[in-house]
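We call the chains A, B, C and D, going by the order they appear; numbering starts again at 1 in every chain.
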Amino acid sequence: MSERLRIIEAVRETLREELERDDGVVVYGEDVASAGGVFRATQGLADDYPDRVFDTPVAEAGIIGTGVGLAATGMRPVPEIQFQSFLYQGFHQLAQHVARIRSRTRGTITCPMTIRMPYGGGIHALELHSESFEAGFAHIPGLQVVFPSSPAETKGLLTSAIRSPDPVVFMEPTRLYRSFREEVPDDHEIPLGEARVVEPGDDVTVIAWGSMLRETLDAVEDVDASVEVVDPRTLYPLDTETITESVKKTGRCVVVHEAPRTGGMAGEITSRVNEEAFLYLEAPVERVTGYDVPVPMFAREDAYLPDAERIEDGIRNALEFN
Amino acid sequence: MPEEESAQFSIESVQVLSEDESVDEELVPSLSDEQLLELYEQMKRSRRLDERAVSLQRRGELGTYAPAIGQEAAQVGSAFAMAEDDWIVPSFREQPALLTRGTPPHKILQYAMGMEEGAEIPSGKGALPPAIPVGSQPLHAVGVGWGEALQDRSNVAVTYFGDGATSEGDVYEALNLAGVYDAQTVFVCQNNRYAISTRLEKQTDAETLAQKAIAAGIEGIQVDGNDVLAVYRVVQDAIESARNGDPVMVEALTYRRSMHTTSDDPSVYRESEEEAEWEARDPIVRFQVYLENRGILDEETKATIENRVESEIGEAIDRAKAGREEIDQADMFEHVYDEMPPELERQFEAFGGEADE
Amino acid sequence: MPEEESAQFSIESVQVLSEDESVDEELVPSLSDEQLLELYEQMKRSRRLDERAVSLQRRGELGTYAPAIGQEAAQVGSAFAMAEDDWIVPSFREQPALLTRGTPPHKILQYAMGMEEGAEIPSGKGALPPAIPVGSQPLHAVGVGWGEALQDRSNVAVTYFGDGATSEGDVYEALNLAGVYDAQTVFVCQNNRYAISTRLEKQTDAETLAQKAIAAGIEGIQVDGNDVLAVYRVVQDAIESARNGDPVMVEALTYRRSMHTTSDDPSVYRESEEEAEWEARDPIVRFQVYLENRGILDEETKATIENRVESEIGEAIDRAKAGREEIDQADMFEHVYDEMPPELERQFEAFGGEADE
Amino acid sequence: MSERLRIIEAVRETLREELERDDGVVVYGEDVASAGGVFRATQGLADDYPDRVFDTPVAEAGIIGTGVGLAATGMRPVPEIQFQSFLYQGFHQLAQHVARIRSRTRGTITCPMTIRMPYGGGIHALELHSESFEAGFAHIPGLQVVFPSSPAETKGLLTSAIRSPDPVVFMEPTRLYRSFREEVPDDHEIPLGEARVVEPGDDVTVIAWGSMLRETLDAVEDVDASVEVVDPRTLYPLDTETITESVKKTGRCVVVHEAPRTGGMAGEITSRVNEEAFLYLEAPVERVTGYDVPVPMFAREDAYLPDAERIEDGIRNALEFN
């Protein structure tokens, strides 16, 4: 029985179903239990699963590090990091252990952990509440990096993430948490590593994920061309095939992300498109991204974030290149 | 050995003005009437700023705001004990301390308007800016206290953080390094019982937070954080000690009477009885009664102070709003590097900015 | 209040066999003669493995190796106190503990040959692998001890780390979280006085490391880490306590008699007199004299043990080398994910590997 | 008076000169003073500058975090992180404070800190002693990322780094520390942000930095073509102009790095080459990189690391593409 849900509700329902389905699942993080999370993503879960939903001290290295141990005992840790930037406090545990314990032990100890966290700007929050470091995470072998962009996508991807035998960095677009509802099917799994062609088109391919997908769909409405919009959904593994097939068809490509330009995932996608579809490319891969500046505080945040207008410009650049 | 005690420790706790308004006269710090009134006025100023800020936020004029209501004594008392060239290293709820150290209220409001302007340190010293990552700032204060020592200066750094912050490894590293480097640093931990919704009992099994200092081999002491005279006294001693290379951690026992931030609703996780109990222990009321009893504060002075505070904050609000009208979005490109690197310059141009040079 | 002691703490220190071979009979744990001899043999085995490994490294057969010479009592005594299904969470110098827990010596050598094979946990439980980042493993042990509790199992996790590691924020977070989660975890801190070249006095101003536990509100205790009986006794109690949800930190006072690793030259930073002093306190010698005095160990048994250890380690060396001949370089692609993702598969093919499926 | 030095000696001499020149410089880190560093990069410095060369506890967050405070008081912290991977323990201090304190305060507080650390494989060390996360660092606005590749380069770049008003992540190629000597001029400054054309050529451009530059120079000897070798030296800022000018000339480009392929700096360079020299490109930008696996322990490390042979193959691919 499907329901019309917001992203935040889809997160909650998925967590509830996975807690129910698998009694190894443990949901924990700062303010996750008694308050139900600062965005209320986990509201009510502690009432129903008091033994597997926990408030933790303010200690992100501890949240990630203890997860490695929980996983070793056979549990499936699903920690929440309150905002993406605070994962940095536990970055060493992520890079040195979560990502590596499988290879360190030749597969004899694994870490099926799903680290949920809100990422990105657009809600006029405090400093360091708006970052998106996906490129850094995708650069760490052993991790999977997943971006839902709608309620149904959230359900399908989070379900797969929690059931995955390998760790997932699950980036939830803060500003879409409550922005719209969508029909969310029951029992919905979307395999990690499969991109989605959101809108088919022939003239240009636009690749966008998370909250930037919404901006892109807005932008596309105002562009006088046939635009194919691809949501990679997972940045590692990255569905190179769907992306390059699209570019082979359109010959032109735009990549959109919130993160600063230099070192962002647009570079990686450009490389893959070059490698697989070079002879089809009629224009350089266009990047529409955040600037190489720290996301400013909110009085200037809107100027930082790519929006429909900048995406339109990017699409036009790609279309007009000769 | 075979089985012997190899080390012993204890934590002291200090109070000067008790909740029933009895006073330990021996412990009363020697402050002039003017100074006592200044303590009072700073607490009032801060309270009023927080109240106005919360309503401004409700009207959409400010972003997320973290009021310090209930914590005024802990902050004003400690900041008042600092000498002119000492450094303040705040986290994000330090309005009372910042005001006491001279930050103009319109700057605090601009910070809450999402403007970096509010975090400028015009002199380039004496303060670090507010910063959001919990527990990350005490290390900076150790660096400051160490740097001052290395340069044979006697200034200390006083840093502020919460009960929740003590769970972060950084805070422990800071305490430990302060001990090793003989850093001229005072750690003021405001134990306001909550980290957002999470009660202190869920942060640690330690019975006091001051005992975190034992792990670092430095002095830890508790003080009634709602007693501005006790805070002043204890932190003054701590600063003196730190000036001589012996860092101290002070746990100020207080209570966050209001919401965590304007995004928070405390009724989800705590009872109004608890809030009422702490309302009765309000630090401003307690000090006010003391001043009245000592005959320092009469109705007229009170009214003068309230009026002054009110008009100052009114002006600060106007000034903050006026500043907001003038901001240049392109500024975000200006302060990332000393010189804008070419890639950033290109982005800046695409943005529509024009290079200064 | 006004000025009162709000909390008191003390750290105990335990020794059973003193350096002059006097024995506190009341504290001697009840172990059979066989068990006592096993303790002895494990210490000998480990010592010999380390000695052989260092010379293998000198001949280019091994990579960087971190001998535990001098720390055998701290590790063997503690590991011996564990029950069959308990978990060991080592850092990188835990040969004695690993051998005691049943890791075959050829695996330890393979690890030192740069082979992940040496870090396999064939049963998938009871142990985590050696891992290099200092201080990062205790958090895993808290997770294990917490996970066991959540699943209503009584197994504990015993984790090992050094004096230097106590400076890392992670170790503090681990102690603190263990207290909060009632994790079934025992922390064995081997205070061997050095972190590479850095003496303990430069790591912390704390007079004991056991008092780091006070910051977490859990029990901390010191033990003579060169006294295998004392270590066994103290850690057995600690394990019992942890099994009931009360984590304990044990500081084992010992000395790293040899180099930090085979890349290190201790003569750069310490005096040979100091090394000589600690040679005199060697844990194996002390225990050997005790066993001899108790009439448990005669020359013949000693010879038998030495021969057995010698031939076992000889075999382990052969076996490790033989395994090295067989390694497949392409294995590095196999264990990154459960299923090889397409991009990695392409790299694997370019490398010249062939997919399994 | 120039001298023939190894990289490790060039580091030491530069530190000594900067300690002498500017009494705000402070050199500190694990084992840096009494032992002179695990590679002896700081040997002897504590004898001559006992008040500004310090051993620290094993606490990387502390090392980086206290540096922020030291800098605020007017000093120039030059910490050593013992191996690059252990910077992860202080990643939050780097990303949240070192990189941001200038923008957070509109330039009123700055952080002229140079974080030195050995990076990369090739010396058969323990796990996590061989990583190169430059792409992650270059993706953090506010940082500069610098790679010396020879003794003279080390001197010139480290001098500029220490004197720079902004923070620098200074990545020293472990395996080149003692591998060769070179004439090192006195008083040598190389501006940050200027690439170097190491060998001129016409047929293909190869971009490599740090230890991979040496492998590249070896590879080039065996390639039957005119290869232009460019060492970017700093990855942020990145000298796009020198790179794209070269590619405009050669029409073909290979990027070499040790880090895993996905999310590595080759992607960024590919993007910039696409953006600036698309119409000159005769072949896709070829990537010769580490694999998307954690750097294995040393029994398999050589198979992981790009070497002259793989670089040659990459060059041939680029040359042969039609």
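Simple rule for what comes next: a residue touches a chain if its C-beta (ideal position, glycine included) is under 8 Å from a C-beta of that chain, and two chains touch if they have at least 3 such contacts.
Owing to the predicted nature of the structure, the values given are computational and were not obtained by experimental measurement.
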Between subunit B and subunit C, the fewest steps along chains that touch one another: 1
Chain whose average C-alpha position is farthest from subunit A's own: C
Chain pair with the higher count of C-beta pairs in contact (C-D, A-C): A-C
Whole-Å gap separating subunit B and subunit D, where each centre is the average of the chain's CA atoms: 40
Whole-Å separation of chain centres (CA-atom averages), subunit A against subunit B: 36
Residue numbers of subunit A (touch at least two other chains): 56-57, 59, 61-62, 85-86, 88-89, 92, 96, 103-104, 127-128, 141-142, 236, 238, 262, 291-294, 296
Of all residues in subunit B, the ones touching two or more other chains: 116, 131, 133, 136, 167-170, 173, 176-177, 180, 202-204, 331-332, 336, 341, 343-344
Chain-level touch network, classified as line, ring, star, complete or other: complete
Subunit B to subunit A touching residues, read off their complex: 63-64, 92, 111, 113-116, 131-136, 164-165, 167-170, 195-198, 202-204, 263-264, 268-269, 324, 327, 329-333, 336, 341, 343-344, 347-348, 351
Footprint of subunit B on subunit D - complex, ascending: 26, 51-52, 56-57, 59, 61-62, 65-75, 77, 92-93, 96-97, 101-110, 141-142, 144, 164-166, 193, 236-241
Subunit C - residues contacting subunit A, complex: 87, 89, 116-117, 119-122, 124-125, 128-129, 131, 133, 136, 139-148, 150-151, 157, 169-170, 173-174, 176-177, 180-181, 331-332, 334-338, 341-344
Parts of subunit A lying in touch with subunit B, wherever the complex brings them together: 30-31, 34-36, 38, 55-62, 85-86, 88-89, 124-129, 261-262, 291-294, 296-304
Residues of subunit C touching subunit B in the complex: 1-16, 18, 24, 27, 167-173, 176-177, 179-180, 202-208, 210-218, 222, 224
